[in-house]
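Look for chain A in each of the two complexes below; its partner is chain B in the first and chain C in the second.
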Partner chain A sequence: MISFETLYAAAPALTAHAPVLMVAGPLIAACVAALSPTARTSWMISVTGSMFAAWMALAITGEVARHGAVDYYIGGFAPPLGIAFYIDGLGAMMALLVSSAGVMASIYSGHSLAAEVRAEKHTHVQAAFLLCQAGLLGLVSTGDAFNAFVFLEVSSIGAYALVAIGEKRDRRALPAAFNYLIMGTIGATLYVIGIGFLYAATGTLNMADLSARLATLGDSSVVQAGFAFIVVGLGIKAAMFPLHGWLPGAYSFGPSLIVIFLAATATKTSIYLMARFIFDVFPDGAAFGRNFIAWVLAPLAATAAIVCSIQATFEREIRRILAFSSVAQVGLILLGLSLATILGASAGLFYLMAHALMKMTLFMAVGGLAISLPARRLDDFAGVARDAPWSATAFAAGALSLAGAPLTLGFLAKWRLLEAALNAGQIWIAATVAIASLLTLLYVGRMLEAIFFRSAPAGAPRAVEAPVGVLAPVLVLAGLNIWFGLDASLPEQLAGAGAKALLAGAP
Partner chain B sequence: MSFILLHFNYVAVAILMMAGLFVVVSSSNLIKRMIGLAIFQTSTGLLYISLGKVSSGTAAITVDAASPEKQALANHLDPAYVAQYGVAGVVYSNPLPHVLILTAIVVGVATLAVGLAIAVRVREAFGSVEADEIEVLSRLESAQAGSQA
Partner chain C sequence: MTSGGDLLIFLALATPLFAAVAIYAVGRMPDVRETLTVIASIALSIVTISMFMRVGAGNPPVLTVARPLAGLEIAFRLEPLGALFAVMASALWGVNSLFSIGYMRGKREANQTRFYVCFAFAMFAVMGIAMAANLFTLFIFYEVLTFSTYPLVTHAGDAAARRAGRIYLATLVGASLVLFLPGIVGVHLAAGSTTFIPGGLLTGKVNVVTGNVLLLLLVFGAAKAALMPLHGWLPAAMVAPAPVSALLHAVAVVKAGAFVILKTSAYIFGSDLISALPAATWLLWVAAGTIVIASLVAMTKDELKLRLAWSTVGQLAYVTSAALLPAAAGLVAGGLHMLIHAFAKITLFMCAGAIYVATGASKVSEMRGLGRSMPIVFACFLAGALCVVGLPPFAGMWSKFLLITAAFGTQTWITAAAMIVSSLLGLLYLAPVAIRALLPPAGDGSSGGFIRPYGAPGPVVAALAITAAGCVALFLFADAVAAYLAPIARRVP
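Our next item is the complex of A and B:
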């Protein structure tokens, strides 16, 4: 029984500098990894750096649970002039998610990279991966709007390079990475323009300060323009339908290391930042905020959940199926948040964590199989369960969770979402969640049917079970999908604390 | 008309921004796309810097109150402005946007470098930097992967 209490009983005491150490750790490790002599040492540095960040994130989570939000002034300069880190229940939840995904991905990368990237490049891959991780951790802990942009770009630039490195396996990784770079940079630049408008209207960049000053400005058109730029910019980064064009390419051609990490964290952190802006920074009662949620966010999220689930059903490459499913699931997360109630937000955040876990399991299992079977199409994976039973079982656990089979985390997540939608009286949202779940069943069924119940055509290349270093993290994650399905107190409490932090004062 | 003249810096920003975005969207050459992206990013720099400019304000380096420079700088100020805001001495432009944009420029340069590096690799792998030719080659590859099995 893992609960919040056992978690923060295990949490180390918070050192005064934990928030900044959590970001600086992977950042320093990135420099060391880039200079390290062999692929092996860079892998060890990467694992150490990620574990250090996770340790700090755990310390912060414990501290936030015990004493409330953590404030940290960089260099001792107090905000609004200085840059502050501000980690509340939501930030702590995200930091824990990102850093534990980082640990899993880095352990996994020890074997998976060898098959996908030339050995002399490993040191640089690990460095870019650590940079990406440091950027995302900084993004979820900063309390400064402009600082968030810098961290967003630190993580994104690492991610662009990492997707491009997939070219050894498939040269189509290069145009995919280029496309990702163009879209990502446009998104980040739109976000900066929005921040510029807010700065022009308020003269501050600190989020708490911005929130206080925006509340007095009312429906100023400068603020509204800033809101629009920020939401669209972050929407691109979060792969919000219809701005998700970069995602399928990046997820299908990148090396497994980065794909599992991105699938678990990248879009999620942008959703986090968007939620932070919509609910925290911009005044709660503002008409433009409410209209946006009701007429743009919720309908687009619902469309994503339906359309991209259908699209996933018709895709032929396994990773593309999972990628389109990610866009659909982002829609479901946003649907939860768009309810703007404590129940809805905590359901959305719960779904966010659940989706991170199940997508990570799925991409990891596929990546593990792809070490011996460099195939993309679902048909090439026919009958894999006979050759690689453990990987296939882990895949099945993740897939069942994704489809929302009872006794898995995915079931609880969908259930919470339905409950929250009905509770808020939004029947159409509940209906969308139900329909999207049924559609999920279709493509999950297709994948499981191919892997388990079809036999490989004669003479086709056969898969070999993934090496232990790859299999271990996959099985741990697959186990967690089931474990949390039976006892969800940990993610539930994290999501609840996050929702309360996000919607202080909402019903 | 006077509205446009009063906000000419924003007009310039909007034109640059749209020009950059247009190049990114419309051209198929990867290098041209990167150029468009760079213009798009530069327009943000202009937006921020022009926000921070105070008319007749000088760079934010404190001058000695007794020095002749201070007198010279103070003399640059518009008397109407001095009367309206009651300033005594030197007016400084807001330095914060400059610092922010310095950071954003660094980010922009890094993105440009990564983007161009990827474009170089695209050229090595596909023999072209035209997005539509690459698209055709990629599609061909997807189709071949399908027919093999």
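Our next item is the complex of A and C:
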């Protein structure tokens, strides 16, 4: 049984600078990767950098679990002058999630990139990937609102470039990346405008200070305007319905490396930041905050869960199905958070981790198949299970988890969400979760039927089993879907700690 | 204290699972494959019978497998109802395997390996359901059962089969996700656990409103019990090959639904709460309506398997009614009916399959006079039919008698009336099938010949003769079974 204790006991004693090293590691590795001579060395640097970040994340998680939230002042300068990192249970959970996704994606990229991207570009791809990773890790560990903007942009710039590089396989990657760039920039701009409003009202950018000062300001209209800009800006980044237009394109046409990483982390980190603002920075119990949650966030999240699941059932391309499914699942995560109870937030965060794991498994399995089968449409995957049984089995594990089949992590996540909704007396949220699960089953069923039960039309190109370097991480993740389905104490503890950090003092 | 008990539970789950894998592995060798199926079913029967004995001796096997989340356990614990269900399903799996071999070879069906693998998987799920110690565990296996039987329903692979498969999945999974799962989560929230406890987990823990909602969610959520209006999947599933209809849609799947309702009534709500909840009365009306309507619809069906399916819908509502009668009056009768109807209905379905494989006739109107050439099959059909109707010397008499007595005893007139009317209707729509077939054909006597040289294959006839004999044997042993089940209705102080 994996328990939290054994994990952080395995982590090294906290080096005093772990928070900054966790971000600086991949950042430095990005520079080295860009200068490295061959594709292979850049891959090795990428794996090393990601592993280093994960190691640091593990150390921080252990430290947070033992001694509570970590404050770190860069260069020793305390805020308001200096820049502070602040990592509590929630930040630690996100850092662990992002960095482990980074490790899996980088290992996986060794073989998958070769099929998808021209060899001479590999060094740049790895550099951009590391940049993206460093940005996201900074985002979840910073305690400074403006700093968060910087990290958000660092990660996004890496991601835009990486999506665009998918053009070798499909020219549609270029408009998709452009779309992503425009939407993402608008989102970031709105966010930074919102920060501007808050700065004007409070004179600080440090989140803890912001929180303290906002509590005394009440329902000032400047603060409300800031709130609106921030949630809409982050809503775009988090692909919150109906601001999700960029996501299906980006997830469909990017190379597998970035798609699996984005699917596991990109929207999740923006959800993190949004939750941080809604529950931590802005005063609890402020009327505008509560109204936003009750009348905007929850209804939109529920709409996403239903509408995008339906959309996913009508899509023809396998990656677009998964992409729309992601938007719908983001809705479910937000529904959990919108309950604003400890149980609800921990269910939402639990779902967030579960979804990261299953979507990563699915995109990885599809990416592995796509190495030999340059296909996009679901129909082209008919009967793939015969040619590539391992990839197909891994896909099935992820898909079943996504559908919430018993004995998978996804089932427990759905259970937690239902439980939290019923416990909060929000019957309609429970009903939405149940109906969304049903719709999920429809498109999951379509995918599994094509892969396992239909046979390939005669003369169609046949898939070949993915190479071991690709298969190994896929199978590990697929196994984790089942493992955590039998013993979810690790994600449960992470989510519980995250929820407590987010909602200190809530029921 | 329970030395060896956990091993039995492990074996009960591992045997069918191992069989599924082994059957898949030797799929290219039909003889080995089918021998394996039979051996597995015999082994499983031995295991379930041992468990049955242990429960009878007051030493029930217990096993906790995993604890995925705090407060949620995958755990098993036998009690009389579950032990009976496990024995029934595993023994009939054996008989049914015999039948399958004859039928599937006789029909030269495609994809036979998949067929046997899915069958073994379904038995794995049934064992999990029968042994589950709590609703959480039960739900897991309940879903496995749905998905493992889906390929069996769509076995033919044509458009009609796929359509039926969609209805099958949509109804069963839909109900379990939208009704059953929220109901279970509700129980968990109300009581802090989902464990089956004699006397009722929820006793004293819920108010009437919550109790009503939970009862409705759980009873309708167990859509495998085919309570109207969630019965449509069962007639639709009749596109499946006869062995599937026989074992799954007379024994394993539908009885899993009925079993869940019995178990929920006895161990989650408990007799006091059931007696106090208005929803139980509403559900008794729904069940009574289901009993009568299903019997009436059955009369209009010419397709034999469809007629049997509608009859099953009605008979399942008997068990549902039994579970919901006040003061636990019907629980033992319900458990008994679950067992006896299984024997009767599997006989009827196997007869339908035997007729179809031998002559190609699937409609009642095509069977006039066929009994002259297939006397054993039609005699067994008659036995099964009379058992379903509830006439001596067939076991059905006892369960019907106990059910109607319980309904009268609790002054649930509507249920009593529905049961009596439907028994009469049953006599009208089931018995004539056999009688007309056995009588000499009228007029020009166009009794269809065999499409196979020697009529129904030997294993097929042997299988249905065994279960028909079971219908008679249970007539003699019904009392012992009822005594075995008695603890489930015992009030816990």
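The rule we apply is simple: the second predicted complex is superposed on the first by the 507 of 507 C-alpha atoms of A that agree within 3 Å, B and C clash if a C-alpha of one lies under 4 Å from a C-alpha of the other, contacts with A are read in each partner's own complex, and residues count from 1 in each chain.
Definition applied: contacts are C-beta pairs under 8 Å (C-beta built on N, C-alpha and C of every residue); 3 or more make two chains touch, one makes a residue touch a chain.
Predicted model only: the values in this text are computed from it and were never measured.
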Touch test for A:D379: chain B only (first), chain C only (second), both, or neither? first
Should A:L441 be classified as contacting the first partner (chain B), the second (chain C), both, or neither? second
Thinking of the overlay built on chain A, is A:L181 touched by chain B (first), by chain C (second), by both, or by neither? first
May I ask you to decide whether A:I157 touches chain B, chain C, both, or neither, giving the answer as first, second, both or neither? first
Let me test your reading of the model: by the given contact rule, A:L486 touches which partner, first (chain B), second (chain C), both or neither? second
If you count the residues of chain A that each partner touches, which comes out higher, chain B or chain C? B
Which bits of chain B are touching chain A when the two form their complex? 17, 21, 24, 30, 33, 37, 40-41, 44, 47-48, 51, 97, 100, 103-104, 107, 110-111, 114-115, 117-119, 121-122, 125-126, 131, 134-135, 138, 141-142, 145-146, 149
Residues of chain A touching chain B in the complex: 146, 149-150, 153, 157, 160-161, 164, 167, 170-172, 174-175, 177-178, 181-182, 185-186, 188-189, 192-193, 196, 199-200, 205, 316-317, 376-377, 379-380, 457, 460
Applying the document's contact rule, which stretches of chain C touch chain A when the two form their complex? 66-70, 72, 74, 139-141, 143-144, 147, 151, 169, 173-174, 177-178, 181-182, 185-186, 188-189
Complex interface listing, chain A residues touching chain C: 404-407, 411-412, 414-416, 418-419, 422-423, 430-431, 434-435, 437-438, 441, 445, 453, 485-489, 492
